[in-house]
Amino acid sequence: MATDTPMQLGMIGLGRMGANLVRRLMRDGHRCVVYDVNESAVQEMEGEGAVAARSLGDLVAKLEPPRAAWLMLPAAVVQPTLDQLAELLDPDDAIIDGGNSYYRDDISRAAQLAPHRIHYLDCGTSGGVWGLERGYCLMIGGEDGPVARLDPIFRTIAPGTGSAEPTPSRHGDGTAPEGYLHCGPNGAGHFVKMVHNGVEYGMMAAIAEGLSIIDHADAGLRKRAADAETTPLREPEAYQYEIDVGEVAEVWRRGSVVGSWLVDLTADALARSPQLDDFTGRVSDSGEGRWTVRAAIDEGVPAAVISTALTDRFQSRGLGEFADRVLSAMRSEFGGHAEKRSG
Amino acid sequence: MATDTPMQLGMIGLGRMGANLVRRLMRDGHRCVVYDVNESAVQEMEGEGAVAARSLGDLVAKLEPPRAAWLMLPAAVVQPTLDQLAELLDPDDAIIDGGNSYYRDDISRAAQLAPHRIHYLDCGTSGGVWGLERGYCLMIGGEDGPVARLDPIFRTIAPGTGSAEPTPSRHGDGTAPEGYLHCGPNGAGHFVKMVHNGVEYGMMAAIAEGLSIIDHADAGLRKRAADAETTPLREPEAYQYEIDVGEVAEVWRRGSVVGSWLVDLTADALARSPQLDDFTGRVSDSGEGRWTVRAAIDEGVPAAVISTALTDRFQSRGLGEFADRVLSAMRSEFGGHAEKRSG
Amino acid sequence: MATDTPMQLGMIGLGRMGANLVRRLMRDGHRCVVYDVNESAVQEMEGEGAVAARSLGDLVAKLEPPRAAWLMLPAAVVQPTLDQLAELLDPDDAIIDGGNSYYRDDISRAAQLAPHRIHYLDCGTSGGVWGLERGYCLMIGGEDGPVARLDPIFRTIAPGTGSAEPTPSRHGDGTAPEGYLHCGPNGAGHFVKMVHNGVEYGMMAAIAEGLSIIDHADAGLRKRAADAETTPLREPEAYQYEIDVGEVAEVWRRGSVVGSWLVDLTADALARSPQLDDFTGRVSDSGEGRWTVRAAIDEGVPAAVISTALTDRFQSRGLGEFADRVLSAMRSEFGGHAEKRSG
Amino acid sequence: MATDTPMQLGMIGLGRMGANLVRRLMRDGHRCVVYDVNESAVQEMEGEGAVAARSLGDLVAKLEPPRAAWLMLPAAVVQPTLDQLAELLDPDDAIIDGGNSYYRDDISRAAQLAPHRIHYLDCGTSGGVWGLERGYCLMIGGEDGPVARLDPIFRTIAPGTGSAEPTPSRHGDGTAPEGYLHCGPNGAGHFVKMVHNGVEYGMMAAIAEGLSIIDHADAGLRKRAADAETTPLREPEAYQYEIDVGEVAEVWRRGSVVGSWLVDLTADALARSPQLDDFTGRVSDSGEGRWTVRAAIDEGVPAAVISTALTDRFQSRGLGEFADRVLSAMRSEFGGHAEKRSG
């Protein structure tokens, strides 16, 4: 099922995401020129059919104008790469930032490139390690012209209509059922992707909390410390269940209202390791959650669930320790409560 | 694809859920005896092939022992119906409560039936108005024997393995991939269903908050009141986006990490009415969310996201008004802040 | 300033709270008969002027009817003590539970004593280790008659009007300005005390969080890991403050809107140890917070702040670990994110 | 008790706060030159002993160098006033911003004034309408020299040591026990004041929620709708209390752990109007809460309670309506739940 309109794309950054994007594009008949500071990554893609570039200049030279260069880079490397490209590219060329940049940077980067008449597109890309096979959900910001020109590229990368049932009430056109969407002007793509990740934080937390409640449904069977600092469980007879959380995640995958890709992934992780012993529970956060909460606050929109999910990640990494020490200190001051060291 | 082991089931309660369960069972070759206080509901199912019963006694008389009677009733009617059945049924018969009963009631109801040697099964049933076609996710509690005996019934009602890709890391047996699971002894089924609904609250809230943040991404374009009681938006230039939230929901359905049935449904609702004008935003809560939070507290398990999602529903119905008046009163007391009546 | 109406009271339980109540009562001219399972505690109070009892029976014998016996006991010991007293006391005697019992237990205990015509009073008592000097805030539930009869006792224990400025807009009678209040029938006292502690949780958390934000105002000076799992601080120049949190707590004690006893205590703790090194940050919760949240849910009243403060205490004790491992597992599944072990 | 070291201060902005600061300064022997765009405000202060200025230039002319000009202005007017003063003042003069400016603006304003060698001090001022009598809590940022020079001014404005008991464990010097504190370089004062207000949000919410739970302790007496969309109260007998919340606030003022100025103010408001009928419950937020949450996020510090308190204010103003409509729409889609219009 090759594309009707093969195009050429330059890919800068051949980490897992970048490499898989190139593979998906080439499978569909597009041609890719690839560059990475890691030479072996370039060679690997060359072996799979891509044209290798040894420098940004080389990449630009090997692309036919109007060029399209897709950045799939760690956040810290985007700006210096963009600065270089601004000098190398020609008017009407386009840069697509497919990483997780902050949408406010998109606005300033587009403004930086405007005098050069180089187009800037921000493209939030969701799909993780599964995108090569499933396709990637794309949330795009930028001017109408270059977004339209790159349509065949986006169409190939996206999952396509077959990846989900049609929405019954939906009528009318648009690319959203293909799995990609031009959301608005510069920054709009990363704005929507940012919020997408905020939603993801909230959904993940809801699932994790629920499975934890089920995992602790045996609380009445566990021996609890009996002292003044520990509340006894009033009705232990109501918490006598030893439930297999992995099987619960598996059954929720079918027919239930919480059915979702996140539940699918959770079921898979629990199938591999029923108590998830490979993990300690220090949960990183990678920026989008923080920015989403900030946007909510700036807009004056309540987003308590997403905020809470973010805060919980901070908690998981021990960042609330000083506050917790203050609480223990207060309890000691007013009630003479000694802090318990365990339990 | 008729079942290999046709069985007979009595269905008590022919609302939408009960009627659709009967239809799904009969399609697969099971025989159903049906009863409802609403005679026309009974006649409708009779027209579709069910055996009509005119009373609970009649239903019991028309079932062959060992009987299985499935209750699909409003919570308030379950106990009196059960009391009557306790007198009508014989030892080794089984009652299945498929509604949204509180799992603590299951424990006491099973104890009530035990002297009669009638089996009690609690069966959390998720699937909503879509279950007839998609199948229902079943979370079952009760003794091993009667659960095993009713396996053909559960298998028919559940969605079946074909309804989702296999979980890659999963090995071993079990019915979870069919979409039904024996979770444990009495109450375990409704316990898992209760938490399932708690998770649903959290996921719903995350999606709703995210779409709301996107809907308000035009905050910098809106005119805000400029007075001492209103914080000005510091960087209006960062909030100039007019984004179609319905299209966002649609694009998130494919390839994205937030892909889920809830997003599918949201996309459908927004396709029907882009600003959801048919709704006022008074969001009911139907018990399971409250019980889930209580379980988390009893167990001492953090469930901040689910708790917050529940609280937000109370807020949506104006139940925080007294607290909010207290806040306004305090502000007036210490700062002379007059309350704003709008904006 | 001895009381005008000296009374006699039996005190059962001579821990810190019980002993100090006896001291405060005797200072004001009341007579106390005291009992504790710990004989040396009894002797100590005898040395200070109390009448020693060697058993519950002895205590009852040494009190003149109508008797008043105040229980100041760990929650687990209240019921058995009450059971014994029910046999020893006479009609029209009164039992006061001054501990932190659950108000629902008050209701059933009052019902238990009613056939004996023994009065039951629940008396929430706040004041911690400071109450001997400052007096205790009393929240009382029970019948009008016995509450009125014991008024001189409550008046002595409470702080008295002099302990705070009069409320300017307040007119009319009532004992609240003395620092004690008959809140309603059985359980009402402990209900109000329960919520009081819930409010305390929220206030404590607000103060602790604020001081933590101030303590971390030097975030821009700290070196942060720079990797894909760590969000860089975008504007380190805005977080260059090294602020003495102890001095901040001290200055907030005077004239500020957050001025409160909790801030007083925090300032004291920080004066003793600027980084609170004696504490690890494992914060216990002792029941009232949990019950408050449950009451809010039962009533359908939003109490997001108190709920959150409770959840945070669970988090501080590591009770969210399983949920956090689920989150890390999901991140690993969809994004190949390896969990960071520190930072 | 006049100051030992009378100074001269220019006050720009004679709203309630500015005027009261002038009165408190003059009472203590300081001399004030005052200016406001509202001529009658200037005349009123002139009548009380201040020197009237008819323009910023006039004010500068009437102050002896090195001058000190205190701005007590709405946030929107600070920058233009500062721009004018930058032209009018001389090297070594000082501007104090006593309003609620964002601390990041302090940093840029100090940088703006630095080339003019004009000192900039930010002074967070808490005390509301009560400060004239009680004194104001001052949180100060800026260079050591000018802060030291203005010490007599700060000392007069602050409440003084007598306004609270000494902190028992405190030793050593410092002005914090007087009620004012030099927190650090430019912005540190407003940073601490910002967080102070965040703490205030959390404390206010905790108190309001608690009183609301008490106000609804009669939930078992109220008739609830009985339908599929409304969860019945399982144990109405536990919610039969009709408690006077105003009396509860009053009793909490003395001896209790929640004793605080905010409880004092709440008791006063409830004494005036037991159900607070003058208020609708639309609670404004004035910036500091938002900025506090943003600081917490930037620092990676959990601040769930303060965040929640902020979100609740948004909720109180109906800003969650779109999200709530999304929730109702989802419920309608999956469960056929019709939205309830009341109750």
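Letters A, B, C and D mark the chains in the order given here, with residues in each chain numbered from 1 onward.
Basically, contacts are C-beta pairs under 8 Å (C-beta built on N, C-alpha and C of every residue); 3 or more make two chains touch, one makes a residue touch a chain.
Molecules present, by chain and UniProt name: A, B, C, D = 6-phosphogluconate dehydrogenase.
Since the structure is predicted, the reported quantities are computational estimates derived from the model, not experimental observations.
Participant: Which contact partners do subunit A and subunit C have in common?
Facilitator: B, D
Participant: Could you work out which chain's C-alpha centre is the most distant one from the centre of subunit D?
Facilitator: B
Participant: If you tally contacting C-beta pairs, which comes out ahead, B-C or C-D? Let me know.
Facilitator: So, comparing the two chain pairs, more contacts are at C-D.
Participant: Considering subunit A as a copy of subunit B, what rotation angle in degrees (nearest 5) results from a C-alpha superposition of the former onto the latter?
Facilitator: Between subunit A and subunit B the superposing rotation measures out at 180 degrees.
Participant: Report the inter-centroid distance (CA atoms only) between subunit C and subunit D in whole Å.
Facilitator: That pair's centroid distance is 28 Å.
Participant: How many angstrom lie between the CA centroids of subunit B and subunit D, rounded to a whole number?
Facilitator: 44
Participant: Please work out the Cα centroid separation of subunit B and subunit C, and write it as a whole number of Å.
Facilitator: For subunit B versus subunit C, the centre distance works out to 38 Å.
Participant: Would you give the residues of subunit D that are in contact with at least 2 other chains, written as numbers and ranges?
Facilitator: In subunit D, residues 128, 205, 207, 209, 212, 216, 231, 234, 257, 261-262, 268-269, 290, 298, 300-304, 308, 311-312, 315, 317, 320, 323, 334 touch at least two other chains, as defined above.
Participant: Spell out the part of subunit D that touches subunit A in their complex, as residue ranges.
Facilitator: Going through subunit D, the ones touching subunit A are 257, 290, 293-294, 297-298, 300-304, 307-308, 310-312, 314-315, 317, 319-320, 323, 334.
Participant: Considering the complex alone, what residue numbers of subunit C touch subunit A?
Facilitator: Interface residues on the subunit C side: 16, 74-76, 102, 128-130, 204-205, 207-209, 211-212, 215-216, 226, 228-232, 234, 261-262, 265-266, 268-270, 273, 275-276, 278-287, 290, 304, 308, 312-313, 315-317, 320-337, 339-343.
Participant: Using the touch definition from the top, list the residues of subunit A that touch subunit B in their complex.
Facilitator: Of all residues in subunit A, those touching subunit B are 103-104, 107, 126-128, 131, 134-139, 158-161, 163-165, 167-171, 174-181, 183-185, 187-188, 191-192, 195-203, 205-207, 209-210, 212-214, 216-217, 219, 231, 233-235, 237-243, 247-248, 250-264, 267-269, 271-272, 292, 295-296, 298-306, 308-309, 311-312.
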